[in-house]
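What follows is chain A paired twice: with chain B in the first complex and chain C in the second.
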Partner chain A sequence: MRLSKKICMVGAFAVGKTSLVRRFVDSIFSEKYHTTIGVKIDKRQVELHENSVQLILWDIEGVDIFTDLNASYLRGASGIILVIDGTRPATLDTAKELISLIENTISDYRIVVLFNKHDLEQEWAMPAALTDSLNIDKDSIFFTSAKTGENVEEAFQHLTELICPPEVVDK
Partner chain B sequence: MTINPGDNTEKELLAGILLQLDIAAFEYIEGKLIPISTPPNWFDELYLLNIDHQHKSSEYLLSEAFPFIENFIYDAKNIWQCSNQQPLRSGLWSECLDDLYELNLEAIAMKIGNHSLLLIANETSHFELRRKVYQNARNLALKNERLESSIQLHQRQLQQQLEKLYKKDNSFDGVDDDIENESTAVLICRHDGSVEVFNKALIDIYAMSEETRLSEKSLLKKWSEEAERQYPEIHRVLQSGQHWEGEFETFDNNHRKKWVRLMIAPVFDQNNELEHYICVANDISNIKLSAKEIELLTQIDPNTHLPNRRSFWNYLTEQIDKSQETGTSLALLYLDLDHFKQVNDDLGPEQADFLLNAVANRLKQCLKKQDFIAHLGGDEFAVVIKNIVDQQSLSKIAQRIRENIYRDISFGDFTLNVSTSIGIAIYPQHGLKPNLLVKNADYAMYHAKEMGRNQFQFSSPYSKRHIKRKIHIEQGLKSALSNNEFKLLYQPQISLEKQGQHRIEALIRWHHPNHGTITPADFISIAEESGIIIDIGRWVLETACKEIKSLNKKGYSAKISINVSPKQFKYSSIIDEVKAALEYYKVDPSQLELEVTESVFLDDLEQVIKQLELLKGLGVTLALDDFGTGYSSLNYIKQLPIDILKIDRSFISELPFNRHGCTIVESIIAMSHQLSIEVVAEGIETKEQLEYLRNLGCDFVQGYLFYAPLSSEELISLYQSLQPKQ
Partner chain C sequence: MIGSNAVKTDTPPEPDNAGSYQELRSLLLGSEYENILKERLKQDDIDRIAENLTEAFEKRNQNDNSLIEKLSPMIESSIDLSIRNSRSKFADIIYPIIGPAVRKSVANALTEMVHSLNHLLKQGFSAQAIVWRYKAWRLGMPYGQYAFIQNIQYRVEQVFLIHRETGLLLTSCSAENIPVKDPELISAMLTAITDFIGDSFEQESQSETLNAIQVGEFNLLIESGPYAAVAFAIRGSVHQDINERIQELCEQIHSQFYQELRSFSGNENELEEARPFLEDALIEKQKESTSSSPWFAIALLATISIYGVMSYYQSSVTNQKAERIIEEFSKAPGYQVLNYKLESNDLFINVLKTPEAKPSKDFESIKNIRGINLTIKETNLPRLEPNIFLSFLSEKYGIDFDTSKEQSGYELIAKGELSKRKIQQLEEDPIVKSIFTNINESQLTVAQEKVLTVDYGQNFLNLVNKVHQSQIYFDVGTQQIAQESSETISELASNLKELQKLEQLSPYSISQITVMGLADKNGTDEANLKLSRDRASLVAEMLEANGIRSEIIVIWALGDRDLPSVSLEHQRRVNIQVLFHDKPELL
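On to the complex of A and B.
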């Protein structure tokens, strides 16, 4: 029997959603920005408590003046990966808006927040006061880099554990 | 519409349409998705790639294969459950066929009658363009965001630095040196607003003159008033001794509007009294401007970066409203490149894009900044010019555009010239509403094309009428054949030498239901442009053969010559058609003559000669029409396999009094006879002309002096009167 779970990648445009999926699924990274239009779905198997879970990753077009998040894409999601670009303060504001949209749309989901592009120390613009302003459990906040791979595997693993409590997987 | 699976032709038609549109279509029946027709190949490939097991039934397990569809079905069911629902679109999603090939798809749910349908449309080909636009917009937005946050960072650092300096000895003495070369504007004032220190950058933003500089005390007040509109809390924040930062619109000393980002930091003295304000400001007009541009980007052509059709309409509507209020006028120039389709086909899409880019750049170069240029799509451009109405200045502008675009465009290894046709309409003379103005500019452009392209025309009642008529003719031509609106008239040619041979030229007439009789001069060129000439030519051939046959039956043996268009040589199998018609109507080939004009030889001389020789091989004769008007010299005639030559009527009308004309006609006849080519003179109207030609030994004459073009019945009564049946 195989367990599969839907996970949505959301966040402002160009924060690194697609790059994180590429890093997680194909272990690759590209500097070139190739904007996503619409939705692209990828899958990856994750091992958990000696069982495997299939993650179905919905990479959803970033939010900006042209595009709102189409709420119906969130239906049935067990996990949300909310991505913020640590070098762009404005993407934190978008993230806050998205959190309330998600809360109003689905229930029964778990969320992790990724402050991405952590490799760009020079341009880092996210003091602790800001990262704390999100009402999110500290364990579920990760400083990641799709470029170096920092914390990417960990963040996905953590989310998988959150959405698949041991008793579910064992059955 | 109903989908009736019982009806086979309808089913085939539907399958064909779906395949052409690249759509996989399914009907939702009792929880199953059944294909309406065979899905396109890409769809089956994709499906097999995504489904774990081979499917046997006709059902497609789309939800299993595509999580995206699985999700969409929930929303689709809302549509399927009730009738009268608008179709629902899923938005785009992508699937990979392999590492290289990505498909961009969209699902659409709809209800038609009691059928619940799910369509999967392949949008890949339209996708790239949209992606390009969004990519540009997001790149730009990203750049702005970076710029804005770096300005913000810098302002904070600068303010902290200045505050530290003050804290050292409780004064701003010596701060001048630190800020003089700073590109960020700095103003330090006392809490009442009186100025202590400022730098050059501040003077620049506000365009302050020497005198006003020192007395400029009210900036703090001005700022808080300006910012208040967007930040009503600013007074409270400042009074309570807190930091304030924000962006707002401000006016400089020349009353020019600017955007500034301002930060105001209170400074307290040792007694913790609010003593000073440090104000730090940057002109961010450019960022704001480009943010507006980003919004506009979806209204911009991704190739030429000019506003597209949508923003053109917005702009034009806006400007016409403004002009109406202010009582001013504006001009609309409508441009269309000449023969772009050909250029596009020859060059390929990339080079064609390059060409359009070059045209866009030249337009920008030869117009003022405040003139509005749009790329309406394809090879169409539009320009809106405000406050110029006299036709002379507009002519100059149009002329400049025309010349600029016509300059060589270099493609690296070759150069090319493209010309444009320009139509000009002026508000309010040529239209009060945007669509009327555009329509009239378009008519005028069309008129410019008519007049030979590479030129401009102003909108006029004439251009409007003329073009409307032309469009009527064009549309009328499409149904003229099936409505039986064409007729052949027959004009006899008189032999001056031999007796007994009846020669006739068949002339086409069109009885338009609204415009009355239209002569060939008015419709043949249009028919040639649209290609209908091929069908018309075929009809003429058959009608003439029928006529020959019916004359033969009545005992009159006549030779009919018909006019053949160069297009028929180029685009139809004229030889087969002539052969088939001769056989079908059992007409002796020697009774048919084909008339061609010199222009037929312009294309591919050798190829045309080959075709003509094959025609002659069938036994028909060939005549060269309108001789003398065109390109060919007598010398050149030698190469052509023609039997008979028709001197153009323009030479005949001047006979015998124009010496020059006489010389030409004389030498044509003499030379032709040397080459054993017979000569027909057309357009004979006077006895003098006839006598003159008879003396030169001209073989045949044709014209009103003898007979007008006759109907079939008139022709027969003529023959009966001339030569009673034997």
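On to the complex of A and C.
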């Protein structure tokens, strides 16, 4: 069976959404700072046993204020990847606001939370008390780095398993 | 006495005969009178309340919070309701506030996505596309018009069935020999584009949602039903036949596959059976074939540069009229404007024309022409000759070309000085390769390659970095730029100006310059927000005054945002964020 699923990248400005997609889709990371406004769409296939799942990744581009202008961006999403910058605690607050926006906009979706830029040990500003403050299942929280690739595959794989029906996941 | 008489009439009746008085009143005046009387009393009440309402509210409000508690849900739901009822009105009100930002974001999203869409659609076109493209180029006309010359009025080349909710592709198909690249992405992009436009410019009626986009040489037509949307990629014009066909197909799919559409969960085979319906929609219409026309002095015509006369063009009423005429020519099927020239009131137009094209005297803009002396030079479309490429090649490579006939075909003679890279490009030029049997380079000299090449892209990025690092600090509680930052601001302005210049040369294009104002932790949120806006506006004004395009500047008041670890004098600042994107490659 071949499945297709819509996945949305969400999170504050410059937390690493685009970099994570690039890492996941093209296996690269670029320091080059690059922002546009709009939506970028990419895809990648994930294998689950004999089945393959095609993830259509919607990456919203732009600044925080634009995120809430685009509820239609979320429409029909099966999976949400919520990204927080581990070096900027304020992005956790944005994430909390986004969670409630998402809850009010769509239903029937699964979410994973990525504390990104985990490679920046020196600047890491996210004590356990903060990461635990989210009302999200522990298994669905990942400490990632788009730069080193840490946990990026794992996070997408986990989300894929969450959004697929049980007969596809456990074989 | 008149006075006492009057008083008497107005005196209310005695209690004992009140009943009969009322009876008489209703008999004489009917129930209408009763109603008026009641209304009247009610009106008095209303007047009385109205007189004291404000004070009553005020008083109550001083006592407790109950009014606010009672009113706010009412106000909220009435705002909700009015937004729902007249979205566009609200959009109008909000628009001036978020307008510039939204407009930019929409424009950007569109150009970026339409660009990548075009790219995807085009990649799908195989060898045939190259042949067509080359032939169109040979005629020096846009690809779309080539369709007409090819006697094809229109052709539906790709059909997509898209799940509306998720934007996922249900199934797709394409005309023979046309592989479709990444239909899944095209499907999602189309959904995003239509959503985006739908959201940003709330349309009055549902039926008016965007349904046609021009993407390069394609027209994309989208018909949305409740569960799925059908999209056609059409080469040529969107003919009424196609409009009907797409509506029909959309309805057909909804009635046949209603269950499958409703329960679609991402399984790619679920709608496979709809594909034959889609295939039926790959229609095309041929024009009646026409005998080929005699061929005129085309070589002469083609040497006239298309761009040469643009400089005469200045805006005036006459120019607008001329512009309309030219526009009508360029849009009309079967016409190709080679050049035109407007001198005072004399307009000269030089066009290529297919024999079956509608006569130009029937053009709307020409029928009621006044104040312009129009001369049209029409040349019926000729057959192809290598000569006609020479001027185009000259323009492309900046040297002279000639051609001579050989047994096996035509030889291209290049004359002049070209860089190594350009020579290689010329040798590999697919168009040169397909027209000429060989290139004669005996009259060609190799130019010295310029050693010093400037990496404009890198310079652009470096400059952006510099701009991002500039901090403009302010004095406490004011819009006054701190002494230490007076130099920074002028540096910033010149950097941004330089960036604007570099934009032309670099592969990037600036979408927006965001001026972010901040205030320190002291003071109320409200005051800080205002202060931060004032600071950002001041900087924005200064930038504008220094030649930064105002339409790309967006002010963003952030109030106080910093962590306590940032010192107060550094919290009072303005930062600049430059948003930019890759320029679409030339197609």
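By definition in this document, the second predicted complex is superposed on the first by the 158 of 171 C-alpha atoms of A that agree within 3 Å, B and C clash if a C-alpha of one lies under 4 Å from a C-alpha of the other, contacts with A are read in each partner's own complex, and residues count from 1 in each chain.
Here, a residue touches a chain if its C-beta (ideal position, glycine included) is under 8 Å from a C-beta of that chain, and two chains touch if they have at least 3 such contacts.
Here the structure is a predicted model, which is why all the values come from computation and not from measurement.
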item: Chain B versus chain C as contact partner of A:A90, first or second or both or neither; value: both
item: Contact breadth on chain A, by residue count: chain C or chain B; value: C
item: Touching partner for A:K5 - first (chain B), second (chain C), both, neither; value: second
item: Touching partner for A:K138 - first (chain B), second (chain C), both, neither; value: neither
item: Touching partner for A:S78 - first (chain B), second (chain C), both, neither; value: second
item: Shared chain A surface residues [contacts with chain B and with chain C]; value: 6, 33-35, 37-41, 56, 58, 62, 65-66, 70, 72-73, 75-76, 89-90
item: List of chain C residues in touch with chain A within their complex; value: 98, 101-102, 104-105, 108-110, 112-113, 163-169, 182, 184-185, 188-189, 192, 195-196, 198-200, 265-269, 461, 464-465, 468, 511-512, 514, 556, 561, 563, 577, 579-581
item: Complex contacts: residues of chain A adjacent to chain C; value: 1-6, 32-43, 54, 56, 58, 62-63, 65-66, 69-73, 75-78, 89-90, 165
item: Sites on chain B touched by chain A in the complex; value: 67-68, 71-72, 74-75, 91-95, 104, 106, 127, 130-131, 134-135, 137-139, 141-142, 145-146, 149, 153, 294-295, 298
item: Partner chain B, residues of chain A touching it in the complex; value: 6, 13-14, 33-35, 37-41, 56, 58, 62, 64-66, 70, 72-73, 75-76, 88-90, 125
